[in-house]
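Think of it as A, B and C in the order they're written, each chain with its own count starting at 1.
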């Protein structure tokens, strides 16, 4: 049996105005279109307004403008999408009670673990590691020497954290992600690559979420730094000595090359990136596949890349790209001719 | 000693017409160019027809048109490439007998495992997991609570499957892949990100192959769905609530953003992708690096991206891209001038 | 306490000319800007020359041209960046003494391990594996049957190596990386995909470094081959039967499609790639996001992709891309008209 909550409890937690039956029981969340008896839904975008009249949800989170269009119970609140996010935690059944240290985990004698933690099967905890209260370490996770993990953080199965990494409070790190591997630093000596040992570490702030198969490399000298509230999706690459500012969000395959600083509240869409050794200001938005190729302090949206075409149309135009400079020169020449003729006439 | 098979056995299995010695023993598969004594080869493309006369293969899978060009033993069949694929299973030496549950594996008491399974060293099997007959779980694999894995499936080492995931029969999932991690869902509350707990699951059909370091996120509400016969390469990203139709193939780094539906028998080449909240019809082909940026129900090939140039040539033309709109307007003006002059004359 | 070294020891090892105090003790490396007492720095680029006069480093690696600008101790050498790389190994505190086989590791009875190795907790070593002297296998690493690992190599936590892989001496392989998973080979049989079992292996030479979350697939028939001295960053994809030549470097997300041969001393920048079944010559440089789309034997730099624009500017120009062929034809027509009029006059 899943827990249920009364609309009154939910309204109180969210600070929402309740219009309807305070005793109504909510068991699950669902979309307006699919919700039924016992389910709470939300209207976060005008695109879904058409479902308001027909939804079978037991209650809906709406802002005041739309409350009248709703027949059933309403929880009226300024930002229903944020309210949905906040209440979603109540319906997450994946949380488990803390279970202590699994007998198959290998914990170094010098590691310092809070009493209330979960260390999963086959986890490996290195020397002088510090793990604070409420931390959940999944199966097969490896934590290198001298690393610290702040209270309330959760590392899912098969995450690898190297030595000398500092992770703040309430981090969520998904499976196969790697924190603190060597940055890609090599000097070329007559054709052969000489490894530059990566002597820095990684510092991750509080309330950071990191997706699956993502990599954050350790610094060459000094640290790679992820500030509080940053959210990274799957397959993201943060190179050595990068600094990511507070509350910046990066979608899948976003990549920041070495020593670049990214500001606060930036958004990188899928496969967007930034070259190395530049500074990207606060509030920059890089659209999908955009490469931020030089320093920019101006907030706003940047793009590279092309639109989509049917392949035969694309091919006809794509071959012309290689003629663009020639076309520009011929256009200029025609304009000059035209102007000279106008003068002659 | 490796097993060998007679040409007759192979012909019978494939339904091929045998021309030559039915007792000839085959020990391995190889390319026409490199095959020798005891090896079976195939002609799958006219590009390799030139090797037919000189190949030292003991036998060759060919279609009827090419059989006469061959001196040695022939297995004549309509689609030699498919025949090569089917017979390749006989020569795969990596299969191992089922070995039961390794003593170092940690299996929850409430998990239900068929008798004939292999659970590798250091695997972790959660509560109420169901594992059917013939399943092979590699070393270090983690399976979350309430997940089911259908008969004949194989999960290679260090795969992570979260809770509430359903995997069908005969799946192959390669190492470091992550199924069921949280989708990238957050609501922005005055600059800070509030996590939307991802309450859905993942449903994977039968006969699905998933490469290494690939991620399939769980749904926010409702499930992410991969239909029967889908094949995904390495480093693929399937976001929350995506639906991939039967027999669709996606090469490395293909990425489908949240809530998008992809039809049946689509092909995504390397680094192709689709934006979120759209519908991609059956039979769509996205060429390498193409972004499907809007819903399309029309089968056929789509492209974005540019051709390759030597960098100095590219640079001359690339800077003109930013002048394209200006060039188009100037061209129009010249045409207008030219037309007016023609009228005057 | 960290070890320290005298400037004399360092100069002798590097073959540098020492100008200053040979007894000066060095404890760490640091950048010119941030170095202080007890730290050695280096000048690798004219961009940092301005810090030479003010650095508080105890000593600096410089080439002869810049030595006079320096007040303190100098180590004069032709290539200070290579010297920094070489000496960085002395300051890497992550190395651990070899610790033998951890009691939780599972090692097959037929595996042959040198005496001086470290096999980490929860590692799994398959049948007939050979592990040479000085090898370090991290926690949770899985090594498939019949694989060999040469002396001095280090595999970090949760690396997966499949069966039949050969890794040379002094390899470094970072976490979550997968060597020897199946190549993406399927034959299409009337809409359904038939798996082509991948019967080849992987051969990796000496002195190869491979980043985190990188994949190198096994060959379909014959091997995938990585030659000596190759360096691969994170999230790289090497498909089946690819051959990468000596000392080639590939940055994050570089991808080489099946059966392509890449020459020696190539450089692939981030998200660069090559299509399948082509040959890329020695010394080719693929700039970021460049797709090498046909065989090229000419060394030099190649590019695809677009520059970055503010999104409104980009949009105006991007829509014109689809009109390029039309524009080219209209331009040609205007030129023809203009020429004809010139003749008439």
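In the analysis below, a contact is a pair of C-beta atoms (placed from the backbone, for glycine too) under 8 Å apart; a residue touches a chain by one contact, two chains touch by 3 or more.
The structure displayed is predicted, hence computed values, not measured ones.
Chemist: What's the rotation angle, in degrees and to the nearest 5, for a C-alpha fit of chain A onto chain C?
Modeler: When the C-alpha atoms are superposed, chain A turns by 120 degrees onto chain C.
Chemist: Given that chain A and chain B are copies of one sequence and touch, is their interface built from the same residue numbers on both sides (over half shared) or different ones?
Modeler: Here the answer is different, because the shared fraction of interface numbers falls below one half.
Chemist: Distance from the CA centroid of chain A to that of chain B, rounded to the nearest Å?
Modeler: The answer is 25 Å.
Chemist: Please output the residue numbers of chain A that touch at least 2 other chains, ranges allowed.
Modeler: 104, 122, 140, 158, 176, 213, 235, 253, 271, 289, 305-307, 309, 319, 321, 323-324, 327, 331, 334, 338
Chemist: Could you pull out which chain C residues touch chain B in their complex?
Modeler: Going by the criterion above, the answer is residues 104, 106, 122, 124, 140, 142, 144-145, 158, 160, 162-164, 176-178, 181-182, 184-189, 191-199, 213-215, 217, 221-222, 235, 237, 239, 253, 255, 257, 271, 273, 275, 285, 287, 289-294, 300-307, 309, 313, 316-317, 319-321, 323-324, 327, 330-331, 334, 337-338.
Chemist: Provide the residue numbers of chain B that touch chain C in the complex, in ascending order.
Modeler: 28-31, 34, 79, 81-82, 84-86, 88-89, 91-94, 102, 104, 120-122, 138-140, 156-158, 172, 174-176, 209, 211-213, 229, 231, 233-235, 247, 249, 251-253, 265, 270-271, 288-289, 305-312, 314-315, 318-319, 321-325, 327-328, 331, 334-335, 338
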